[in-house]
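Letters A, B, C, D and E mark the chains as written, and numbering starts fresh at 1 in each.
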Amino acid sequence: MIRTLSMLQLYLALIAGGCGLLGLAASLPTLGAAPLMQIFFAVSTLSLLRLVLPWPFWLDGVLAALGAWALIASLPAEGLMPLHHWLALIASWAFAWLFVERLAAAIRAGKLPETGTGLVIPLIFGLALIVIWEVVTRGASVSPVLLPAPSAIATRFAASTGILWADFVQTFIKSVIPGYIIGCIAGLLVAIAVDRSPFLKAGIMPIGNFMSALPIIGIAPIMVMWFGFDWQSKAAVVVAMTFFPMLVNTVAGLNAASAIERDLMSTYAASYRQTLMKLRLPAAGPFIFNALKINSTLALIGAIVAEFFGTPVVGMGFRISTGVGRLAIDLVWAEIAVAAIAGSAFYGVIALIERGVTFWHPSVRGGRA
Amino acid sequence: MNRILPVLTILLAIVVIWYAASVWMNAPWQTRLNERADLANVPFTEFVAQTWAQDKPVLPSPHQVAGEIWNATIALEPTSKRSLAYHGWITLSATLLGFAFGTSLGVLLAVAIIHNDASDRSLMPWIIASQTVPIVAVAPMLVVGLNAVGLTGLVPKALISMYLSFFPVVVGMVKGLRSPEGIQLDLLRTYDATPWQAFWKLRWPAAMPFLFASMKVGIAISLVGAIVAELSNTAGGGLGVRLLTGSVNGQTVQIWAALFIAAGLAAVLVAVVGRAEHMVNRRTGVRA
Amino acid sequence: MDGKTTAVVEARNLGLTFPAGDGDIVALSDVNLTIDKGEFVSFIGPSGCGKTTFLRAIADLEKPTSGTLTVNGQTPENARKDRAYGYVFQAAALYPWRTIEDNVALPLEIMGYGSADRAERVRRTLALVNLSGFEKKYPWQLSGGMQQRASIARALSFDADLLLMDEPFGALDEIVRDHLNSELLKLWARTEKTICFVTHSIPEAVYLSTKIVVMSPRPGRVTDVIVSTLPRERPLDIRETPEFLEIAARVRDGLRAGHSYEEVV
Amino acid sequence: MDGKTTAVVEARNLGLTFPAGDGDIVALSDVNLTIDKGEFVSFIGPSGCGKTTFLRAIADLEKPTSGTLTVNGQTPENARKDRAYGYVFQAAALYPWRTIEDNVALPLEIMGYGSADRAERVRRTLALVNLSGFEKKYPWQLSGGMQQRASIARALSFDADLLLMDEPFGALDEIVRDHLNSELLKLWARTEKTICFVTHSIPEAVYLSTKIVVMSPRPGRVTDVIVSTLPRERPLDIRETPEFLEIAARVRDGLRAGHSYEEVV
Amino acid sequence: QDALTLQLKWVTQAQFAGYLVAESKGFYDEENLDITILPGGPNVAPEQVIAGGGADIIVAWMAAAMSAREAGVPLVNIAQPFKRSGLMMICPTESEVTEVADFPGKTLGVWFFGNEYPFFAWMNKEGIPTDGSEGGVTVLQQSFDIQPMIQGQADCISVMTYNEYGQALDAGYGPDNLTIFNYTEMGNDLLEDGLYVMEDTLSDPAKVDAYTRFVRASMKGWQYALDNPDEAAQIVVDMDDTGAAELAHQRYMVEEVSKLVDPSDPALDEATYDRTVKALMDQAIIKAEPEGAFTTAVTDALN
C-alpha cells in the first residue's frame, strides 16, 4: 500500500504512527489515567500497519478527530499537561494533514466529486488550527489575559450575542456599508470622469497612486475631529480608504480593452458613450471587482480603527479598545471573530457576484478563482 | 514636461482648495476666540490670516504643515528625537524588515500552494480571512504577547508589517507561478525536466512581473503595518508614535506633518521597488 | 463590372510611416491604387509588408503620413463616419461577455437599428456563415474557425458596400476555406459589394479576385497589380485550368521578386 | 527506407476521451497506425479532428484512455524519459525572458550538456534555420515566422531521432514556407530521422511525406493512409507533376469524405 | 544591581515626573537599581503588559487594577504616591450645565480603556442612568484631548487637572466660562496612579527589598521634581523619546501634579482604599471584596 502514498504522505504517516508508538510507551506508567488518550496512542501505533495493509484515508480522518477529542477531554484544569500529550498533539495533527493530503489527491484523481468535498478541506484545516490553539493555550497554561482559549472565546461569544450584535450593527451596517458604497461609487465615477480628459488623468493618476499607498488609517483621528463621534466619521474614513483603490483599478480597467476591440468600435463610428457602455466598462469589470474585493477587507479595518479615536459607547472598535483596557480579552477575541466572519462573508459575497458578472473572463472560466 | 504640468496643475488646485477649506473649517473657533478676546470687526484679510495660523487648528494650512515638516527635518539634527527624519528612520527600519519577512513568507506560501494540492485547497480561504482580522485590534495584544516571550523593539513591529504585506505577495505569486501556459509546461515535460528545473527555468521567471507588482503594494502596506504597530508600541518612537502623540495632545499640525512624511516615505519606497523592477527587466530583456 | 465604374478607394503616392524609438518604420511608401466599385481586390505579400496597414488606412484606423487617400470620394474619416465599410480583422475580436448573436448585433445596436430588424439580420447573416444554432453560445465556447466566421457575420450584418477583410480565413482548414471562398464569391456576385481581401494564399487570391495587388516588404510598396482574366462565374475546379495556373505563376513570380530572402519573415 | 525497418510508433485501437462537463469529448477513437523508422508521416484533417491530440499522446502529454501505444517499443512515458523525441508545438512557445540562443539552449541545459557543446549545438541549429545573427535577440524582437523557426531549432538542438511537428509552418507565408519545406526535406534525408508532421496544407503534405494520414472529425478516426509514390529526392517543381497532383487529389477526396460540413470547424 | 522595568500608564509626561527625575538624577543608581521606564499610550494596557511579564512594576489606577485582579492578574498595590484625583468633568457655559441635576439628556465625554470607572461610579452614586435610557446621559468615548468640547460634540468632557484642563485654559476657557466637577472635591475620587506589582513576587524578600528601594528613590524623585519644577519639566522633555512633549505644557503639568502627590508619604490611605473598593462593588465592576490587594510591606520598610 505504500506505493499509493506520495513521499510527503509517507513521512506524515511515519510521524503520526511514530508519535503514537512513543506516546504509548510514555503513557504506560500512568496506564488507565486517561483511557481515551491510551486508545488513541494504541490505534495510532496500529496505523503503522498501513505499510503492509490497505488503510483507507477516512480512517486517518477518524484518527485525527479521535486524537483531538482525547486531547481536549484530558486537558488539565490547571498546570501544564504531561509531556506525552504533546506527542498526541503532533500525531493527531499529522493525521489531520495526512487525511487532507489524501482527500485532495482523491479529488484530483476524480474519485470524489469536487462540489461538497471542496469545502471540507479548508474546514478541516481551520478546525485543526483551532484545536492546536485550544490545546496549546490550555495545555501550556497561557494566561487568558494574553491569549484566551477558543473555548473561552466561544463561551463569551455565546454569552454576549446581544452586545456583539449591537456592535456589529453600529460598525458594519451603519459605518462600513454606507462608506463602502459611497467610496466605491465615487471612485468609479471619478475614474470615468478622469478617463475622458488625458490632462486630468495625467494629473490625478500619479496623485491617486500616491494616495492609495498612503497609510490612510492615519487620517482616522482627523476624520473624528471633522465628522464627529458617531458613524459619520467612520464612514468618512471608509470612504477615504476605498476611494483610491477603486479609482486606480477602474482607470487601469478602462484601458484594458485591447486596441483591436477599440478599432472595431471606431469602424462603427461609435460615440464615446457607446464605446464606454458597450466595450470599456464591461472590459473593466474584472478590475472593478478586484477593487471591490480589496475594499471589502479594507473597509472594515478602517471603521474599526476609526472607532479607536472616539465613538458612542457601542461599536466593534470601541469594544475592542475598552476590552483591552478592562482585560476582557475573551470579549475582544469574540469581536475579532465577528470581524473576521463578517469580513470573510463580505468578501465571499463580492467574489460570488464577481463570478456571475465576469463569467466570461478566463480567470473565472477556468478553475478556482 | 508634459507629464509634470498636469500634476502641477492638480496639485495647485488641491493647495488652493485646501487653503479655502482651512479658512472655512477654522473659522468658527477663530470667531469664538475673537469674541472671547473682545476683538470686534476683525478685517477679513486679517481674519483669514488668523485662521491660517492657529495653534491647534481643525485643518492646518498648507504652509503650517510645510513649516512643521521643514522644522522637524531639515532644521534639526537628524539624531534629535524631535526630528521626523529620526522617527522616519525608525519606522523605515521596521518597514524594511517586515517587508523582507512578508515577501519571503508570501513567496514560500505561494510555492507551497502551487506545488501541493492540499495546501492549495486549505490555505487560500484562511489567508483571505486573515486579512479581515482587524490587525489594529490584535497589534496591542501581539506586542504584549511577543514581549512575554522576550521579543521587543523592532521585531514585533516587523511581524505586524509582515502580517499585512505577505498577503499581496501570496496572491500575486500564486497567480504568477501559475501564469506559464500549458504549452510552456508541456515543453519542459517533453524534456523530462524535474519540478525543480521547471520552477527555476519557467515558473520563477514567468512570475517576476507579478512579484514586482505585488511588492509595490506590499511595501506600501508594510509601512502601514509598521505605523499601526507603533500605535501599540510607543517605546522607541517612530512616525506612528508621532501620529499618536500628536493625536493625544491635539496637535493637528504634528499629525499632518507625520502623515505627509509617511506618505513621502511610501512614495520613495514604491519608487525604489519600481527601480529594481526596471533593472531586472533590463537584465531579462523584457520589452519596455 | 466594367463600363461606368466609380472609384471606391483611390490612393495617390500614399505613404505611411510609424515613428519608432530606433528609426522610423516605413510601412507604406508611394502606393498608387484605384479600386472601382464592385471589384474584388486581393492583397498578397510577405509578412510585414504593409497589407494590414493599407487596409487600416482605408478604414481610418491609421493616418497616412503623405499622399492622398479617398474612400467613396471622401476622406477616410468621413467615410468611416458614414459607416461606409465593414471590417473583418485578422483576429476575430469578439467581445467575450456577449453571446454570438449579441456580438453580431453589436454594430446594429450602435447604428440604431430597430430590434426586430436586428433579430432578422442576425438570423440571416449567421445562417450565411453556417452558424445557426450557435446564437446563444459565448465566443470562447466556439472553435477558432467558428469565431472567425462569427466576426465575418458581424461585418456583413449591416450591409456596407465596402468590405475590408484581413486574412479572414487564416485559421481555417482547406475544406472549410474552399466552402467559405465560394460562399463569399456568391455573396459578392449577388450584392455587387466592393471587397478588399488580404491573404497569404496564392490560390485563394487568384480564385477570388478580379485584381491581385502584390506587395513587397518594407518599405511596403505595390510591386505588381494583376488583373484577372478569369470569368466572374468560378466553379471550384477552375483552379485546375491552365489560365488559373498561369495567373498563379505570375503572382508567385511577383512575390518572389520582392523577397530578398534573408531579411524578411 | 524499406528493408529492415523497425516500428517507432505503434498505435493499436487507440482511443482518447476528454472528460468534459456536458458529455465527454472523444478526440481519438480506434486509431491503428504504425510508423517505421525513417518515415516522414504527415497528418492532415479538419480542425479539431485530433491531430494535435495524437501527437501529444505519442509525446506522453496526454494519456490514451483505451488501446495501446508504444514509442520505440516502450511506453510513451519511458520514451519521454529517454528523451526520445523533439516536439515543435503549434505555437512557438519561446520563453520571453530568454534570448533566442538561450531558448535554443534550454533543452540542452535541462539535459545537462556541457557548456561548450551547448554553444556549438546552438550555433549549428540556428544556422540551419537561417537565424544566425539573431542569437542575442529576444523573441518579441522577431517576426512570427522567425519565432517559429527558433522553436524548430530548439527541437533539433538535441538530436532526437523522432521529430513531432505540429503545424510548424502555419504562420509563414508561402515563399518562406517553400524554403523551409525543402530545408526540412534535406535535413530528413541527411539524418534519417523519423518525422511526424501535422499540416492543413494538402500540397505541403504531399510534397513532404512518405505517408499521409488523413483523419476525420470527432470522434477522430484515421480514414485513409496514403503511401506516397514520389521519389525521396524532391525538387520544388515536382509539385506540378501529374503524380503529385494525383496524390493531392486523393488526399483531397479523403478529406472531403470525412467532412460532414455543418458540424465541424 | 537589580534590574526592574516600570510600565507607565500613559505617554512620557510630567504626570510621571518623579520616576523620570529619579532616573535622570541617578537616584535609582544610588539605590543600586537599574530601572527601565516604558512609556504607555492609548493602546497599551499596563495590566496586560505586567501579566505578560513585560514589566515588574506598573503605574495604574486602582479601579482598573482591581478589575484586572478579578480578571486573573493578581496585582497588589505597593505604594500610592498620588493622594488625590486629578480627574474633572468640565462643561462650557454654552452647554447650560451648572449642577449634576442638569446632566440628564446631555452628552458627556468619557475616557475608556480602563479610565471609565470613576465616572460610572459617580453616575451610579447620583442615580443617573448611562445606558441611554430615559432621564439618563449619553456617553461618548472621548478622544484624549479637548476637541470634543471645542467642536461642540459633547456638552461636558473629562479632563485631568494637569493636562487637558491646561489645554482648555490655553484655548481661552477658564473658571468664568466653565462649570467644573472635580472628583476629589465631590468626594468621588478613586485612587489614581498607584504602583502595582504581581502578587507572587512579594513572597521573595529580595524582590520586596528592590521594590522598597525603588519606591524610596522614586519618592526622592518626586520631592526633587516638586522642589525644582523648571528642571523637572526640562528632564521630562529630554526623556521623551517621541519629541512631542512641550516644555511650557510640562511645566504646567509639574505644577498641577504637585498638588496631587505627597512625596513624603507613599503609603496607601486605607480609608480612600475602602471607599474605592465600595464604589467598585456598588457598581459591580468587581464582584467580591478583594483580598490582599495592597501591602504595606514596602512602605513600612521605607522608614
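Throughout what follows, contacts are C-beta pairs under 8 Å (C-beta built on N, C-alpha and C of every residue); 3 or more make two chains touch, one makes a residue touch a chain.
Everything quoted here is computed from the prediction, not taken from an experiment.
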Could you name all chains that are in contact with subunit B and with subunit E at the same time? A
Determine, using the mean of C-alpha atoms as each chain's centre, which chain is farthest from subunit C. E
Out of every possible chain pairing, name the one holding the most C-beta contact pairs. A-B
So which chain is the furthest away from subunit D, centre to centre on CA atoms? E
Chain centres from averaged Cα atoms put subunit B and subunit C apart, in whole Å, by 53
At what distance in angstrom does the C-alpha mean of subunit E lie from that of subunit A? 40
Cα centroid separation, subunit C vs subunit D, in Å, comes to 31
What positions in subunit E touch 2 or more of the other chains? 42-43, 45, 48, 51-52, 143, 147, 151
At least two partner chains per residue is the criterion; list those residues in subunit B. 58, 140-141, 144-145, 148, 247
Pairs of chains satisfying the touch condition: A-B, A-C, A-E, B-D, B-E, C-D
What part of subunit B is in contact with subunit D in the complex they form? 181, 183-184, 186-193, 197, 201-202, 205-206, 208, 284-287
In the complex, subunit C residues that touch subunit A: 56, 59-61, 80-83, 85-87, 89, 91, 93, 95-97, 106-107, 109-111, 138, 140
List of subunit C residues in touch with subunit D within their complex: 45-48, 130, 143-146, 149, 171-176, 179, 200-202, 252, 255-256, 259, 261-262, 264-265
Quick one: in the complex, what on subunit B touches subunit A? 2-3, 6-11, 14, 25, 58-59, 116-118, 120-126, 128-129, 131-138, 140-141, 144-145, 148, 220, 223-224, 227-228, 243, 247, 252, 255-256, 258-259, 262-263, 266-267, 270
Residues of subunit A touching subunit C in their complex? 258, 260-261, 263-270, 274, 278-279, 282-283, 285, 358-362, 365
